[in-house]
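Multiple structures are listed underneath, in structure tokens.
Consider the two complexes below, in which chain A is the common component and chain B and chain C are the respective partners.
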Partner chain A sequence: MKINLQQEGSVTTAVIDETRLDASVAPEFKSAMEAIITSGNDQLIIDISKLSFMDSSSLGAMVVVLKKISATGKMVIFGASGTVLELFKLTRMDRIFTLTNDIETAKNYF
Partner chain B sequence: MNILIVDDAADMRFLVSSIVRRLGHSVTEAIDGLDALAKLKAGDITTIISDCNMPNMDGFELCKQIRQSDFPKYMYIILLTGLKGKDSTLKGINSGADDFASKPLAIEEMRIRLLAAQRVINLEDDIAKTNLALKIAHDHIQKDLESAALTQLKSLPPPLKSKSVSTEWFYKPAIFIGGDTFNYFETQTNCLVFYSLDISGHGISAAMLSMSMQVYLGLKRGFYGGPITRERLPEIPALFAKNLNDCLLNQHNHDHYLTMMFGIIDMDTNKVYYTQAGHPQPYWYKAAQNTIAPIDVNGFPVGLVPDVEYETEVLQMEPGDKLIVYSDGINENDSLINQQPLDGDNLTQHFEQIKGQSTAQMMQSIEKEWLSESQLNALPDDVSFLAFQFENPTPKKENKNNEN
Partner chain C sequence: MAHWQITIDSNFSAIREASELLQEYCAQCQISPELGGHLELIMVEALNNVIEHAYQGEDGHKIDIELIDETQKTIISITDYSQTAPSLMGNQKKELPEEDLLPEGGWGLPLIQALADSIDYSLNSKNNLLILTKNKINSH
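This part shows the complex of A and B:
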């Protein structure tokens, strides 16, 4: 799977360059994100604006990533929309994650 | 090696055979392609040295016939080319030949070509043995999974027919066995406890957790916080979800979590007390209004985040009403009817079309009309539907205040 990293000061934006996050890529997504955090990027915006589908395995992976980063840093999810946003709401994960659809707002969280 | 020499000219056969024998191989002879095919079928031969031009069946056709045949081992073919070597070589490659030797034959050249033949045959043999071992292992795993699938299917409850409520279901796992499961059982207090759950991910490890949940969620496990009495119905579903959440987070070290709809139907009144834990929003068919729509309710999944609050919701069901609980596996499929994903408004429209059907017919429609057979055989995720049909509530007063 493709994840593009952009650095702006201390904030790292991980752009998920995929349209689907499902059970087949969730483990890869999780380990890739864990590696990004381990290498020192703990002020993180995850840009999921290109996603049109996300399943429960990927949501689980997202929570693992959030737990990992919460020890030292912060994470914001940018660009959830459509069924992806509905999944966050259905599972009340919109209350656990910081979600925003505005990139400037996302940057202001740090 | 046992090598088949194919040539219509007896003197050439004799010449080639004597060279091959001098190199330490045994020889079988054939006079043309047809004769060669018959001898290949009869004997344990893996290398053929054939002339190109022969009556009945020439060397090129022999190559094609061998490649189209289903011999148990790879056949290595060396074509003998004459003066027009280049043309024959091209034609030979297209026909399936492996190598070429030009006439007149030199013994050293033939030694090298047969060494190459032996190397390829050994490689092909190794591949065939590996493939066979893989096939045996694959067949074994498949048989095991089919047996496990049957066990899992048998762990699901038969349709319930009570005076107040009846149930029907449809269940199809993605890979033989699935992470979806559901169950329901009547208590002595005239309640029907039910749950539908979906372990995140699918495949063997999700199915194992799903099966262990079937055992875990039985009445004697303490998730209910006490006996199932009518007075406790408003608190049990949320408490059940909370206890299960604590248990999964504290006692299990794995990446799985689950979404769930857990509820208890009071069959004295047909009130449904339930908690929605990240499961898709259930559909409610209201008979009096003849409407069907998803219930706008949400909740945290179980085993994902610690110390979250769950809520018990209450529905009052009327005679003829239906409640359809399902997992999100259906959402990843395009409908056979309109080729659009079976989620959101499209799913609601599909339910609108079948809302008048009995729950048994609804399950049939989902299986036969919404999804094709090929979709059902290659589902991206487990698909499960559990449907309740409500009739007149039938109180059992004599049991009313008894514990389960």
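This part shows the complex of A and C:
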């Protein structure tokens, strides 16, 4: 799993450099994101704009990450589209996650 | 009518491969990206369910997948060879987990029920056959 980190002030953008997030990589994604948060990156934009597919096990991993960061920081999800965005809506988790398709809007949440 | 068939092992990497093959097949058949995305999500969630529940997370078991694309509908058939009845049985409506409780799972079956237009089963002593139909007109 490739995740590229970009730092701008106190805000970290984790770019998921993958096209698919599914049960075969969800545990790895969860561990990697937890490590990123533990190392002090708790103002976090997760850029999922390259994803064309995501399943519910990956959504569960996203919730774990959200719970971990919520104690001290904040998380915004940038770039969900197509079936990926539909997954958030169908599960009503679009009400829980902060989702945006504009990177400047994402940065303004912090 | 177009037809696609594959047999995979019961592990999540094999589901990923099947999913990628399904995407290629949908593109070849000029199935719309929206319908293709729905078919992919239905298939992946159903296969995840087979591995987690029918095969208890064990790899080394066979799963047959068949897709038939007709003018009005697309049919996905999934056969497993476990002795466990599918958890989708009974056509009982599965409610979404309450989002305010920050659930970490439990969406698979509600997603399949939301996206598929019909869900049918055929059970015998040798296998479980799950048939998921997605209509192309007036679909979700």
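Definition applied: the second predicted complex is superposed on the first by the 110 of 110 C-alpha atoms of A that agree within 3 Å, B and C clash if a C-alpha of one lies under 4 Å from a C-alpha of the other, contacts with A are read in each partner's own complex, and residues count from 1 in each chain.
By definition in this document, a contact is a pair of C-beta atoms (placed from the backbone, for glycine too) under 8 Å apart; a residue touches a chain by one contact, two chains touch by 3 or more.
All values derive from a computational prediction rather than experimental measurement.
Student: With both complexes superposed on chain A, which partner does A:E34 reach: first (chain B), second (chain C), both or neither?
Tutor: The answer is neither, since A:E34 touches no partner chain.
Student: For A:K89 in the superposed arrangement: first (chain B), second (chain C), both or neither?
Tutor: A:K89 sits against chain B, while chain C stays out of touch.
Student: Touch test for A:V63: chain B only (first), chain C only (second), both, or neither?
Tutor: both
Student: Residue overlap on chain A between the chain B contact set and the chain C contact set?
Tutor: 22-23, 53, 55-57, 59-61, 63-64, 83, 86, 90-93, 96.
Student: Provide the residue numbers of chain A that touch chain C in the complex, in ascending order.
Tutor: 20, 22-24, 53, 55-57, 59-61, 63-64, 66-67, 82-83, 86-87, 90-93, 95-96
Student: Which bits of chain A are touching chain B when the two form their complex?
Tutor: Chain A residues touching chain B: 22-23, 26, 30, 53, 55-57, 59-61, 63-64, 83, 86, 89-93, 96.
Student: Considering the complex alone, what residue numbers of chain C touch chain A?
Tutor: 11-13, 15-16, 19-20, 23, 33-34, 37-38, 40-41, 44-45, 48, 96, 99-100, 102-105, 107-108, 110-111, 114-115
Student: Quick one: in the complex, what on chain B touches chain A?
Tutor: Interface residues on the chain B side: 198, 200-203, 255-257, 259, 278, 280-281, 298-301, 304-305, 308, 328, 331-332, 343-344, 380-381.
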